[in-house]
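See the structures that follow.
One chain, chain A, appears in both complexes that follow, with chain B as partner in the first and chain C in the second.
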Partner chain A sequence: MSSEVKTKAAPRRKRLPLTYVVAVVPVAAALNIVGGQINTVLKLPTFLDMIGTMVAAVILGPWWGALVGVITNVVSSFISGPIGLPFAVCNVAGALVWGYANIWGWARKNWSFFLVNVLVAFVVSLFAVPIYVFIFGGATGHFADVMTAAFLGMGQNLIVSVFSSNILVSLADKIISGYVGLAIIEALPENLTSSARLPKSEGLKRIIIPLVGVLIGVAIILLFLAIA
Partner chain B sequence: MQGVVIPISMVPGDSIIHRINPLPKLAWAFGVLVISFATRNPLILSTLFVVGVILILVAQVGNAYLKVAMILFPISLTLIVLQSIAPAFPKPWTPIVSVGPFTIFQEGIYSGISMLLRIFAMTTWAMLMIMTSHPSDIFTSLQKIGMPYVLNFILTMTLQLLPILQNEFAVVLNAQKSRAMKGSGFGAILPSMVPVFVGAIERVQQLSISLESRAFGSSGHKTSYRRVRMTFWDILLIVLGIVFTAGMTYWIIVDKSLDWSETMVFHPAFAIGLVVFATLGFLAFVVIALRNVLQA
Partner chain C sequence: MNKKTVGTKEGLAFGIIALGVLMAFMPSAAQQIADLEFVASEPFPILLGATYVLALLVILAGVGVLVAKFDDKEEDE
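Moving on, here comes the complex of A and B:
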C-alpha cells in the first residue's frame, strides 16, 4: 500500500451551507439503510450499514456523521421494526471515531487509515456487545451466532463469546465500509471533500490480503485465549 | 438486488387504530417498551404481546406483521439456544440436563423465554404504531410537540430517498450483469455503491439550491402539507397510556413476588424439547449462513 496522501497540510474546514448539509445527511442515511437491506437480503456475513456514516463523518464532521447514524437506525425501524434501534449507539460511536480521526489527521496514510478502521471495529463492538447480551440474550440472527456458540462450547462466558464473534464480523465490516467510503469520497466534488485528510483510494482488491490477514490473526488470538 | 423491495411498513387502511392520532400510539408503544424492560415476568410480557397481536388483528395488518415477525425468527432460535447454555443471570445456575459439552440451566430457559417475550411484546406494539400511521403523520405530530423542523425534514427526506437509491442500485447491478460482470455478492455490491452515492450527491446539489431559494431555515411559522388532527379521545388515550405505564412500572418495582426466576420450575422434558427444537432451527440457520458466506 502506498502512503501517498491527498491533502498534506491541515486544511481549513470550509463551512458548508446548512441547506447542503441538510440535503447530504438523508442521502448518507439512505445509503446506510439500502446497504443494510441489501446485506440482509443477500445474507452477506457483514452489516454494510455504516458506509454513509463514514462518508458524512469525514466530509461534514463527526457530529453530523453521528446524526446520520441515529437517523439510519430510526428510519430503519419504520421498515424492519424497532429491533435495530438500540444499535444507533454503535453507528454514533463509529461516526465519532472516523470523524475525529480525520480531523486529527490520524488517517492520512494508507496504513494509518487501515488502523483507524480497525479501531472503529473495536469501538463499535464494545458498544454492540452489551446490547446483544442484555437485550437479545447474545443472539444476533447473524452468521456470528455460529461462532458465539463455538466459543461458549469452549467454556467462555456469554459476554466474551459474543465479543469474540462480533469483533470478527465487525472488523470485516468496518474495514470494507471504510474503503468503500474512501472510494466514494474520492469521487465526490472537490468543494465537498476539502476537509478530508485521507489517502488515495487504491481499489478494494488491494485491501483483501490485509483484511484477511487481520481476521485470521484476530481469530487465532481469540481461539488461543479461549483454549487457554 | 432484483426483487429487493424496501417496504415502508405503513399498511393503508381505515380501521379504528388507523384513525387514532400517531402520538397516542407512540405513547403506548413507548410505555410497553418501558414496562418490558422493567420486568422479566413471563405473564406480564405475554399479556402485552397477546394484546398487541389482538390490536394488530383489529387493525387488519396481520399479514404485514407476520413478514416483520419472520425477521425475528432466527434471532428467537439462537436466543433460546444461547440463553439455555449461558443464562444472562448471576451464578450459581441450576442445571436441568446435560447434552454433550453443554448443560441446560433452569435460569437459562427462564431468561430465554422472558427475553423472547420482551422482544416480541416491544416489536408488536412498535409495529402496530408504525403499520397504522403514515411516517409523515408521525413526523408532523412530533413537530407539533417540539421536534426541530430541520430534523423533521431530514427524516422525511431519508424515507423518500430510499426507493430512489434502491432503483439506482438495481440499474447499476443490471448494467454490470449485462457486461458479464458479477451480479451478486461483495464483488458486485461494493463497487456499485460508489456511482449510486455520487449520483445521489449530484442530485443533492440541486436540492440544496431549491431549499436555499425557498428560504429553508428561516424563522417563522412552518406549515405542513399533511394535517394531523388531535381529538379529545386521542388526548385521553395519551393520558391513559402514561398512567398505565407509570402504574405498571410502580407495581413491578414494589411487588417483588413478580420475579418468578426462582419459583418457576421447568420440567426437563419441556426444557429439552424447547432447546432441541431451537437447536435444530439454529443448525438449519447455520447451514444457510455458511452456504451464503461461501457464496459471497
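Moving on, here comes the complex of A and C:
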C-alpha cells in the first residue's frame, strides 16, 4: 500500500523497449554525422552535429545522448580526420545538460526551453575553448577562426578571443539544434516521447515555435557574419 | 524485470562504456593530432588534457549512478 502511494507521489521514468533504443541511437548518431558533413561542405559558421544528441538525450535520457555524442565523434574522426575526436566531450556535455534539464523539468515552457539551449551553448563552450586553445592553438580551420582572428586583431588575448567567437557560434548552433530537435520530437508518436518534458503546442504553433527558434539562431549567425 | 526493456541503469552503463571507448581512442588520436602541421603541441600534453576531461566526465557518471533511482519493479509498472 505504501509503495503504491510512493509511486503516485513520485512517478518514475518509464523503461523503454530495447528495440526502440537500438533504433534511435544509430539514427541520432547518423543525423549528427550528416548534419556535421553538410555543415563542413557548405562551410557554414555553425556545427549542426548535435541535433541527434538533443533528440536522444530528451527522449531516451542524458547518458543515451552521451553515447550518441561519442559514436558521432568517433565515426566522424574516421571520415574527416582526428580533429573532431577531442570535441566528443563537448557532445557528451551537451547531452548531459539537455537530458538532465529535461528530467528536472527545466524546459517545460517556451522561454525556459530557449534558456536551456543557451545554457547548453555556454557549457559546451566551456569544454570547447580549452581544447581549441591548448590542443589546436586557437584554430581548427572552422569558419569561427576568422572571428577569432578579428578579436585577436582588436588586442584581446587568445583565450578571450576563442571564447568570444566560440560562444557566438555555439549559441546559434545550439539554438538551431534545440529547435530542430523539438520539431523532430513533436513529429514522433506521443507514446515514444512520453519522457520528453518540453513545451507543448497545438496546431500551427507546432511549426511556428521551432521555426522562430531556428530564425533566432540564423539571426545570431548573421550578426556573427556582420562582426566577422 | 522485463529483459526486453532498458532504463536509467542501462543508459548510465552505456554512457560509461562510451567514455571508455573514447578514452581508448585518445592515445592514437593524440599522436595523429600532434602530427598535424598547424598543431604545436606534443602528444603527451594532448593526451594528458583529454584524460583529465574524460576523468571529469567519468566522475559525473559516478555521481549520476549515485543519484539515479534503479527500482526496476516500480519502473516496470
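Structure notes:
The definition used in the following text is that the second predicted complex is superposed on the first by the 187 of 228 C-alpha atoms of A that agree within 3 Å, B and C clash if a C-alpha of one lies under 4 Å from a C-alpha of the other, contacts with A are read in each partner's own complex, and residues count from 1 in each chain.
Methods note: a contact is a pair of C-beta atoms (placed from the backbone, for glycine too) under 8 Å apart; a residue touches a chain by one contact, two chains touch by 3 or more.
Just so it is clear, the model here is predicted, and its values are computed rather than measured.
Partners chain B and chain C clash in the overlay (superposition on chain A). When the two structures are aligned on the shared chain, A:Pro26 is found in touch with chain B, with no touch to chain C.
When the two structures are aligned on the shared chain, A:Pro86 is found in touch with chain C, with no touch to chain B. Of the two partner chains placed around the shared chain by superposition, chain C is the only one that A:Trp63 touches, whereas chain B remains out of contact. When the shared chain is aligned, chain B and chain C each come close enough to touch A:Val74. Between chain B and chain C, it is B that contacts the larger number of residues in chain A. Touch criterion met: A:Leu152 reaches chain B, while chain C stays clear of it.
After overlaying the two complexes on the shared chain, residue contacts for A:Val34 are found with chain B alone; chain C is out of touch.
Of the two partner chains, chain B and chain C are each touched by A:Ala139. Contacts of A:Ile176 after superposition: chain B is touched, whereas chain C is not reached. Touch criterion met: A:Pro130 reaches chain C, while chain B stays clear of it. With the complexes overlaid on chain A C-alpha atoms, the stretch of chain B that clashes with chain C is 115-123, out of 7-15, 61-69, 97-105 or 115-123.
Looking at chain A, you'll find residues 17-19, 67, 71, 74, 77, 81-83, 134-137, 139, 141 touch chain B in one structure and chain C in the other. Those residues of chain A that touch chain C in the shared complex are 3, 6-7, 12-19, 21, 60-64, 66-67, 69-71, 73-74, 77, 81-83, 85-86, 88-89, 92-93, 96, 127, 130-131, 134-137, 139, 141.
Those residues of chain C whose C-beta lies close enough to touch chain A in the complex are 2, 4-8, 10-12, 14-19, 21-22, 25-26, 29, 32-33, 36, 38-41, 45-46, 49-50, 53-54, 57, 60-61, 64, 69, 71-72, 74-77.
Chain contact summary for the complex, chain B toward chain A: residues 1, 4, 6-10, 68, 71-72, 74-79, 81-83, 85-86, 88, 101-102, 111-112, 115, 119, 122-123, 126-127, 130, 135, 150, 153-155, 157-162, 164-166, 169, 184-186, 189-191, 193-198, 200-201, 204-205, 207-209, 211-212, 216-217, 282, 285-286, 288-290, 292-293, 296. Of all residues in chain A, only 17-20, 22-27, 29-31, 33-35, 37-39, 41-45, 48, 51-52, 55, 67, 71, 74-75, 77-83, 133-143, 145-146, 148-149, 152-153, 157-158, 161, 176, 180, 183-184, 187-189, 192, 204 touch chain B in the complex they form.
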